[in-house]
Structures are given as structure tokens and as C-alpha cells.
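Presented sequentially are two complexes of chain A, the first with chain B as partner and the second with chain C.
On to the complex of A and B.
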């Protein structure tokens, strides 16, 4: 037996066992912040008095292939945010979360149960397919 | 099996900032985290502060973060964690009183806000005469949420709970438990508290509260059902509930013909009765 003191704790080899929905929550937050920021920048730029010279510079900036990854990230964020958002709307209206029941050990929660996971995977799969399609389009433009 | 317990220590009266202290102990196969902590407190360091009571997952006092996940120390076996280093920390989102003990007064104040008791429009509760009628399916609708032990694990696991004004998973689950109770008449009284920016709409359904609940209460389910209830109410689609009536008085009871008479009494109120009977 021994006792030692440390000011900082080292990273222990313990599993991170939080559920998938929690990670989806953080992804939803991150994509949401990104999209809102994008929206404000978009409104700000289009709120400027645009003359021919400014329009030409905007066209040049967005026509530059280095901007394509940005657009791709934007589309990806929309797809993931939209798919997960749709799941949240459905579950918050009481769909796919089950009903109250007598809890039996080991108490699997019905709100994050099979039905909810299936709808999550379906929506995220659709989003990923659309992202792949979008990636193909961007690669086509780059070529 | 030798295990290192890395325990969060903080005494607000002495320490400037929290620190971690390591204790290396030998544990048996079925040793729970609470037993290991009590061993440390009894044999190695009696200054360690822990809160516990029943040691069997009923009272909900020994909630703490074990390897980052909120759990009841009395229900968690060390061998189940599959790690030789066990990180023990107090529940997050609550002020720390000392070491692993946190202050729940804010949570209990919120619990009080949602009026966690049956509300009736009639005067039956003040002058009770008989029981309320409740069907088995109505009872099973609330039973899951009535099993809550207010251990605060859901509050600690919730990523939104860093917002101290948020009512929190177990409080909202209790709100749903009373709202959906067939005997209750207090939906309108609780409505404004629940339908607020810091009420059920603050929940973004991360689902961690349901995952960590040691009693299978599923607070996330209750919160989503609250949202559904509020939405249908606002759209005018919710059926108006009438509180369960009081059971009617018993009429004359007649024994069925095929039911035999009970055997004679063998236990008497007092000796005098028994002497008289004999």
C-alpha cells in the first residue's frame, strides 16, 4: 500500500461509455454554430451595396478551387445537422422513443433504444449518401 | 488484484484548488467501489469525505463519477471497470462541499418548484374519506418514474446541466410522473414552470441521463413525453384529463357460496380477549 499526491491526474485507461446520442448532441452543436456563423457572414456580405467590381471580386473568390473544400464542409454540416435535427424533431414529438414500462434489470432505456437507433442510422446514412454525391460533384468541378 | 484509486480531494476551508491523491489497495473479486473507499477511509486516510447510507442502491447517496461516468459507488464493482486505475471524482454541475460530497440544495429547490405531490381541485386530500380509483395501466404509466431515488447521476451526466437554471432530468421526470398521474389535477399549475426556456425545452436529448440512471427511470423519455404533451396542448389536440374519482363506499358484501369460512382466530388483541374467547 502506498499514498502519492499529484496536482494533475494522468489520463487513465478507462472507457468512455457515453451513448451515441451524446456525441450526436456535440456534433449538432458544432455544426449549428458553424452554420449560424456562415449565415451571418452570408447576410453581411449580401447586405453590402454590390457594384460590378465587388461582384466580380466575389465571383473570383468563390470561383477559386481553394474555396471548394469550404463549400463541401458547408454542405456536410447542413446534411448532418439536418438529419440529426429531423431525428430530434421526431423523438421530441414522441415517435421512436417507446412508452413508460416497468424497468427490469439491467434497465435498458427505451428512449435511446432500438427504434431510436434505427431511425438515427437511417437518417445519418441518407446524409452520408448525399455527402458522397456532393463530394462527387465537387471533385467534378475541381477537375 | 492491486488497484490504484485516484481520488479527487478538495477541502474549501484549506485548499486553494482541487488535487488528486492516489491510494494503492488490494481488492477482492466482488469489492464495490464504496467498500474500497471505506477501506481507504478506515485504514489509509480518515480525512476522506464520502456520503453514503444504505450500501445497496436504494438511497442514492453515494453517487460519484467513476472513471468519468456518474455511477453509484455501492452498485459498481471494481472488477467490472476493467481498469487498474480508478478515477473517482464528485458529481459534476454541483458545488463541492468536500472531496466527493456535493451540495444538492439547488436540485432539491428545483424539485420543490414543480410541486412533486398530487394536486386536487376537490377537498378530498384535506379530508380524506376513501382511496382514489386507479387502473393498472394508469399505475404502470407512472411507476417507472416513481422509482427515482434523486441520486443526481442524471444531472451530473447531462451536458446541459452546466446551465444552473435548467430544471434538470430528474426534476422534469418527476414533473411528468405527477402530470401523467391519473389522480392528479395540477397540469395547469405546473405548465408554466415546465414550458419555459429553462424547462423541458432546454433538453436537447443527449440521452446520457437515461444511460446512467441506476433505477431505469429513463428521464429522457419523460422529458420527450413532456414536450409532446405541451405541443399537443398548444395545438389544442390534447384530451382534457379528469382526475380519478374517489372510490365509492362499499355496499353490502356477501360471501361467495364456494368460498369456505376462515379458520378460527389464533392471535388475540390481548389476554383478556383471549380468555373471554376461550
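On to the complex of A and C.
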């Protein structure tokens, strides 16, 4: 098989339509990596509070408009990661995934059911409401 | 330590996070009882929070839970990659060391902030 054919085959076999849970898995990983990176910066910055002059310089740095979107993205990532994580814990512990059944073609995953989707939408809706509240707080702080 | 024990500890840390993260975030929001982000970031308010014992205890619990959860999951993600057992063990050890250093540093700074 030539390189062009291999590429064509790879493109053709690449799944174009993932289900919602697959996208949520990607979002969970992406937000997780971002949160790990930013969390250690966050604790380092916040631990400078022991000195008033140092804290004043930190606040001056926070006065830089580029810091607001970063803080807002941090809170947004926490909300999304937390909401989806809560669904994953419930699923992992066996809630909302239905009873086990015989595998019948085309083998629909028993863990993806109506109850699980409802829980996902409820948790993501709560997260979105909290993100809007956080946005309001940040906009008020900028003003 | 057995993998099942590590997983049970992680479940405990998740419960701690579910309780303590809203306590932490509510101090920066004027949604229910918080003073709002602008006030919460002032030096006086930051030091007042640092001397508030229930808040300090919840912060330390949250800190420990987040560090454990993050390092456990980083290790978990690395273990999904096609790496040798030796490299996996090295990553586990690095996660443990980074987690312990981050926790001890933050714990020490929290104690210093109480004494300021």
C-alpha cells in the first residue's frame, strides 16, 4: 500500500462521529491537564500572602487584564471537570447504568443510557449556571 | 500500596473535595454569603481568612485532596501509555515526591500566614 493510500485509509477509518461521552472524556482529560498545570501556579501565587508588599505586587500583576481570562478559565475548568467527574464517580460506583444484559449486535454500551444522559445534562447545566455567576463576579471585579 | 487501596483513598479525597471546594469558592463570590471577588482579594481579607481556623482546616483538607487526586490521575494517565514498568515506577515516584513537596510547602506557608 502506497503512502497516499495509507493516508486515505487512515482518514476513511477515522471515526467522524463520536458520542457525547467520548467528547466528555476528551474534555475531562484536557481540563484535568490544564488544572494540574495551573493549580501549582495558583498555590505558589496564593502562598505569597504572608508579606503585604509581596501581595501588593501580586495584585498589580493581577491588575494585568490577561490574568482575568486565566482565572476565569481556571474556574470554568473546575466547574466542567467537577460536574463531569461527579457523573463519572456515580457511573463508576454503578449508579444510573442499568442492569447487566446479554451482548447483542451492535453491542450498545450498557453504561450509556437515558438516566446517565439526564444526570450529565443536569450536572453540566448546574456547572454552566455557576460559570455564568463566576463571569459576573470577574466582570464586576474588572469594572 | 495496593491499587484498590489507592482507589479507595481517591474516593475519600473526592468526597472531601465535594465538601471543601464550595467552601473555598464561596469566599470569592457574592452569590450567597461571600464578600465578592474584589473584596476577597484585598490583603486584610486574605489575612483574616488565613487566621480563620475552620477555613484553614478546610483549605488544608482541600489542598491534600487536590494534590492526591491530581498526582493519582497523572500516574493513571501515564500508565495508559505504552511504557516500560521501570519508567512507570519512576513516574509514580516522581508524582509522590512532587505531591509531598507541594503539600509540605503549602502547609508550612499556611502556618506562617496564621502567625503573621
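The criterion applied here is as follows: the second predicted complex is superposed on the first by the 105 of 143 C-alpha atoms of A that agree within 3 Å, B and C clash if a C-alpha of one lies under 4 Å from a C-alpha of the other, contacts with A are read in each partner's own complex, and residues count from 1 in each chain.
Operating definition for what follows: a residue touches a chain if its C-beta (ideal position, glycine included) is under 8 Å from a C-beta of that chain, and two chains touch if they have at least 3 such contacts.
Keep in mind the model is a prediction, meaning the values are calculated, not measured.
Visitor: Quick check for you: in the superposed arrangement, does A:82 touch first (chain B), second (chain C), both or neither?
Guide: So A:82 only meets chain C here.
Visitor: Between chain B and chain C, pick out the one touching the greater number of residues of chain A.
Guide: More residues of chain A are touched by B.
Visitor: Does the superposition put A:39 against chain B (first), chain C (second), both, or neither?
Guide: After superposing on A, A:39 lies in contact with chain C but is clear of chain B.
Visitor: With both complexes superposed on chain A, which partner does A:118 reach: first (chain B), second (chain C), both or neither?
Guide: A:118 contacts neither chain B nor chain C.
Visitor: Tell me the contact category for A:104 with respect to chain B and chain C: first, second, both or neither.
Guide: First partner only.
Visitor: Please work out whether A:70 is in contact with chain B alone, chain C alone, both, or neither, and reply first, second, both or neither.
Guide: In the superposition, A:70 contacts neither chain B nor chain C.
Visitor: Quick one: classify A:135 as touching chain B (first), chain C (second), both or neither.
Guide: After superposition on chain A, A:135 lies in contact with neither partner.
Visitor: So, does A:52 touch the first partner chain B, the second partner chain C, both, or neither?
Guide: second
Visitor: Quick check on the superposed pair: does A:22 touch chain B, chain C, both, or neither? Answer first, second, both or neither.
Guide: first
Visitor: Hey, which residues of chain A end up touching chain C in the complex?
Guide: Chain A residues touching chain C: 29, 32, 35-36, 39-40, 43, 47, 49-50, 52, 55-56, 59, 62, 75, 78, 82, 85-86, 89, 133-134, 137-138, 140-141.
Visitor: Could you list, by residue number, the parts of chain C that touch chain A in their complex?
Guide: Residues 11, 14, 17-18, 21, 25, 28-31, 36-38, 41, 43, 46-47, 50, 63, 66, 70, 73-74, 77, 102, 105-106, 109-110, 112-113, 116.
Visitor: Please give the residue numbers of chain A that touch chain B in the complex, ascending.
Guide: Residues 1-10, 12-19, 21-22, 24-26, 28, 88, 91-94, 97-98, 100-105, 107-112 of chain A touch chain B in their complex.
Visitor: State the interface residues of chain B toward chain A in the complex, per the touch definition above.
Guide: For chain B paired with chain A, touching residues are 6, 19-26, 44-45, 67-69, 81-87, 140-145, 147, 157, 159, 180, 204-208, 210-211, 213-218, 220-222, 224-225, 227-228, 231.
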